[in-house]
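What follows is chain A paired twice: with chain B in the first complex and chain C in the second.
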Partner chain A sequence: MKEQLKIDFEKLLETSNFSKNNIEIKRKNFDNFIEKGFPNRREENWKFSDLNQIISKNIKNLSFYNDLSKPNKIDQSIYIDSLEHNKLVFVNGRIEKIQFDYEEKNKIEILDDLVLEKSNNTNNSLLFLNNAFVSKYFKLIVKKNYSLQKPVVIYNITNKDLVSKSINLKVDIFLEENSSLKLIEFSNDKSTTNFININYNFDVQKNSILKNYKIDNNSNSNIKYCFNNISQDTNSVSEIFLLSSGSEFIKNEINCNLNGKYSSAFVNGVFNLNETKHHEIKTNINHIVENTKSYQLIKGILEDTSKAVYQGKIFVDSKAQKTDGYQLSKAILLNDNTEFNAKPELEIYADDVKCSHGSASGSLNEDSIFYLMSRGLNYKEAKKLLINGFLLDVVEKITDSEIKNLIKNIMSLKQ
Partner chain B sequence: MLKIKNLKADIENRSILNNLNLEIKPGEVHAIMGPNGSGKSTLSNILSGKKGYDISGEILFENKNIFELETEERAHKGIFLAFQYPLEIPGVNTNIFLKTSLNAIRKARGEKELDAIEFLKLVKLKAKELKFDEEKLNRQLNVGFSGGEKKKNEILQMSILNPKLSILDETDSGLDIDALKTVADGVNSLRKKDNSFLIITHYQRLLDYIKPDYVHVLMNGKIIKSGGPELALELEKKGYENFN
Partner chain C sequence: MREKQIDKLKDYKYGFTTDIENIRAPKGLNKEVIEFISKAKKEPKWMLDWRMKAFERLKNLKEPNWQKPKYPKIDYQDIYYYSAPKSASEKPKSIDELDPKLLETYKKLGIPLQEQQRLNGIAVDAVFDSVSVATTFKDKLNEVGVIFCSISEAIQKHPELVKKYLGSVIPLTDHYFATLNSAVFTDGSFVYIPPGVKCPMELSTYFRINASQTGQFERTLIIADKESYVSYLEGCTAPMRDENQLHAANVELVALDNAEIKYSTVQNWYPGDENGKGGIYNFVTKRGLCKGTNSKISWTQVETGSAITWKYPSCILQGDNSIGEFYSIAITNNHQKADTGTKMIHLGKNTKSKIISKGISAGFSDMTYRGLVDISSKAKNSRNYTQCDSLLMGNKCGAHTVPYIKNKNPESNIAHEATTSKISEEQLYYCQQRGLNPEEAVGLIVNGFCKEVLQQLPMEFAVEAQKLVGISLEGSVG
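Right, the complex of A and B next:
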């Protein structure tokens, strides 16, 4: 794989007009990735999901060069039509459409051809890979005091032309003071066995609100990693909802820094897995200053031989008095061959804090099924009602009612 | 309506019911009384088709053996069990559950399913009759309900589903006097010439409000004595031990 990496990296440099500085940064990241490689289970963060093994098992002849010179057709049938929204469409890793018809043009700024100017501090090898191979990246700035009229949907589409490729995307979102944004990431994959590596950076300034809904619901054989870095200033709110269901493998990693007082972060997630799917949610919620709050609720339904992992970390700095941190994870295992791994981690250096965690997993309650069947529902209907009820609990946490309805529809949870 | 012949039930090689015989005719109210562990709840579970028992004998409902029928098919035929411990079902709205249940049964009977408006009209009426707080119908099924509210909810379900045979498994336990009276009124209002009841209880108290036609004493998995309402009073006086 190393040989392929080198050839593909040189090809990228040859075919792009990067500046000397750009190239230098990219080379550094490339060398770092070559040295570390894909993460494996020897790293604590990856102990339940050995990505190196998963990639070699699922993807034959992975290649890293992605020709972005030719436009791809957008399959418009996958657009969400029940909701008016702004669009940003990626097809096979290339930006194909930017449409912000609902917004005041001077209140937002869209940059779609940025090249990495500096490297962030990290030892995350997948960020090295992303930094080395991402060609152009996208940035949205929401200006001070502006709330977007309509949600933004980022469509991440891959079509059947894409096979065994490593795709790297980078999106930066900057919310200036007193602004707000609802962002839906909606993926639709008809491609096979690619490695899709996405890096989001959210900067949420004072009094701003970010709502981010990530929907991975259509079944596909891709392996995905999505790293989300969120920085929050005073009195800001972030709300994240993850529907983790469609891809063969996906790890959503959320690193959230509550840097400003009275800032709060909500992470709610649903695993709905079957067959051999293996998904992970990894969170690092860092309470850096006092009076910050975090809340995490993760639920999973696991069928066949699927596997879900939740590693939830709450870090409380010694300065972060009056922190309120909560996390709970629950899974229903529909048969004996499924696996749910939960690893709650609390690292607390302040003494006046309220933190709690819990985790539970088990099978469907047969007494509950008997109860529902005694009221005329057959086994299948009773089971579905119980599962839907179990998951609905998480979906109900979504604060935007329009998007909540959309997600209920997508998950067929409409009662 | 219901004929139980030589019903035997074992669970993990332990005998629970032992040659139980019982016949309930249309319009009759039967009470089964018995001490803890006598097999009362097992009988109600088996009538509703709960799995996990080794059973033999015959249960005829409207002259057809229902041994092979699934739980929901028995519900479709008109058998209703009011649970001793109604289950909490998180995330499932009570109203929506009731509508799903009613329509599943109506559909199986070949009747027209009710739309949302027709259903709400019906449920409002029934809730009012039972003094059941309507607001609770918009909550998750039995979640956070008090013991009394859960039992009332069972009776509400019964009155909406309008079954032919209602089995009340210790519906009186955990009820205060007012709730007991409301529940009894609910049952009495459903008493018709075609509807039968099997009331399972420890105490004679409920039978002050719901007058049974027959009282049976169940001990060690067998009916050891049957009689009229006076048998309940006798039991209350003497205790179960003297029937041994």
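Right, the complex of A and C next:
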């Protein structure tokens, strides 16, 4: 694979006109990736999901160069039509459409060719890979005191033309003071066996509100990794909802730094898996200053031979007194060969805090099924009702009612 | 030639400590030292071969480094692997023949071996540095067929049992410290409870590291045959020294059909002074195998000592319907560090496990609960309940929880809860209002916090443990 990487990397540099500075940084990242390679289970972070193995098992002849010179057709039928929204459309890793019809023009800014930052104190080899191969680095800025009228939907579409490619995207979202943004990431994949690596950076300034919904619902054979870095200033709020259901493998990693007083973060997630799918959610909530709050709720339904992993960590710095941290993960295993692994972790250095976590996994409660059947439902209906209720609990946490209904529709949950 | 060398090594023996003369093997870890130990213990050849196998294996192993408390590199060539009170080299036939100074030491520790003979109570096996010096109540135990002796004695007298079970729970290839122990273990206790016997009294071992620069590597093997029951207590202490001393013991428990083993530890190794100088590195491997159906193993531990505690008493629930329990209180103060917890590995059907862990950290200390609950796909209808609570005193200390939860069976249930908090002002105020000083108030509240675990200890130990909890937290308030 190393040879392929080198050839593809040189090809990328040849065909794109990066600045000298940028090339230098890219090279450095490239070298770092070559040295580390794809993560495997020997790394604590990847203990339950050996990416190296998953990639070599699922993808044959992975290539890293992706020709972005020709535009791709957008399949308009996949647009969400029940909701008025602004659009950012990526097809096969290439930006095809930027449409902000509902917003004041001077309140939003989109930069599309940023130079990578020199120093990133990371050890994450997939971020090295991302930095090395990303061709355009986007940034969306929401100006001071502006709240977007309509949500923004980022469509991540891949079509049949894309096979065994590595796609790298990097997007920064910057919310200036007193601003707010609702962001939906909607993926739709018709491609087969690609490795998609997305890196989001959210900077949420004072009094700003970020609502981020990630929807991966349509079944596909891609391997995905999505890294989200969120830094929050005073009094800011972030709300993240993950629907983890469609891809063969996806790991959503959320690293949230609560840097400002009274900031709060909410992470809610649903695994709805069948067949051989293997999904992971990893969160890292860092309470750096006092009076911050975090809340995490993750639930999973596992069928066939699927596997879900939740690794959640709450870190409380010694300065972060009065922290309130909560974390709960639950899973229902429906078949014999399903697997749920959890590592709910607390790392606490301050004494005046309230932190707790819980994790439970098991089967559907037979008594509840019996109760429902005695009320006239058949076994299948009873099971479905219980599962719906179990998942609805998480979906109900979504604070935006329009989007909540959209997600309920997508998951075909009824109340 | 080698004989001569060993003889020479024997001359190099008068490390002098407290009051008792010692015989020591030369410093360092090598073939000769292992042969020396084996020879000093008059071991048969198979035992020496076993040690050598472990030693060979050790060469290819690396020290693990994933633990939270980091420590300076240990120079394994700078440790004495064998140290014995000189008077014990000719094993005394009864306690009355023991070196009086040794008896004095045990008296100081609160374990008057002689009195214990007369009083109704607990059978004690005392391990001093590297050797077992005395075992009490032998006759009474013999009557019911219980074997309770030092492991060296067992190797000579009951080789068939030792051969069968030694290394069956902790294989000699397990991990660095377990393998090290397998190569150089010096003594420890051996317990065999015959079928159908309920051990008439509590069995107990007291470990003491006395000599300086000495590592203690004891090995305990407890076998509870069908339908038997035993409760075993372990206590440990060491004198105050500026250097860090290594304690790497292996404890193996085997419970056959319908048998139950209850293993309690009050660990009070020297924790180092208030600046974090000195203290014991307690890197112990403890593992129990519920081999038979309906068997039960229960670990109870009160961890107050050691500079670094790094251990995970575990249960492998192999037999159907077997039960594993783990109750733990871990207290760290000053610069102490602990990374402790348990592993519950469910293999058999209808297996159950319960984990209650209470961690208290004060001063500059760091406490980590790390645990594994693994329910395999064959462990139908298994259950686990885990609760780990941490209490923090001051903002210079840390409390961490790192549970690993793996469920591969849809018919099994796992529940895990953890909380972290501090003693509330209201509780303190209430106690002080009733006339307690702040320190007493904290002691009372902490004892309440730990009650669930303290209740599991045998009575004699519970009192001691309760006092220990108070002592360990002295000076942590205000």
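Some notes on this structure:
Basically, the second predicted complex is superposed on the first by the 412 of 415 C-alpha atoms of A that agree within 3 Å, B and C clash if a C-alpha of one lies under 4 Å from a C-alpha of the other, contacts with A are read in each partner's own complex, and residues count from 1 in each chain.
Note that contacts are C-beta pairs under 8 Å (C-beta built on N, C-alpha and C of every residue); 3 or more make two chains touch, one makes a residue touch a chain.
This structure is a prediction, so every number in the text was calculated from the model and none was measured.
Look at A:Ser401: by the touch rule set out above, it reaches neither chain B nor chain C.
Looking at the shared chain after the overlay, A:Leu372 reaches chain B, while chain C stays out of its contact range.
Judged by the touch definition given at the top, the superposed model places A:Ala360 against chain C, while chain B stays out of reach. In the superposition on chain A, A:Leu391 makes contact with chain B only, while chain C stays out of contact range.
When both complexes are overlaid on chain A, the residue A:Glu381 reaches chain B alone and has no touch with chain C.
In the superposition on chain A, A:Ser69 makes contact with neither chain B nor chain C.
Taking chain A as the reference, the larger set of touched residues comes from C, when chain B and chain C are compared. Look at A:Asn123: by the touch rule set out above, it reaches neither chain B nor chain C. By the touch criterion given at the top, residues 44, 318-319, 321, 331, 333-363 of chain A touch chain C in their complex.
Every residue of chain C that touches chain A in the complex is listed here, in rising order: 66, 377, 390, 392-422.
Chain B makes touch with chain A in their complex at residues 48-51, 70-72, 74-76, 80-81, 83, 86-87, 89-93, 96-97, 100-102, 104-105, 108, 140, 157, 161. Residues of chain A touching chain B in their complex: 365, 367-368, 370-379, 381-382, 385-386, 388-393, 396, 415.
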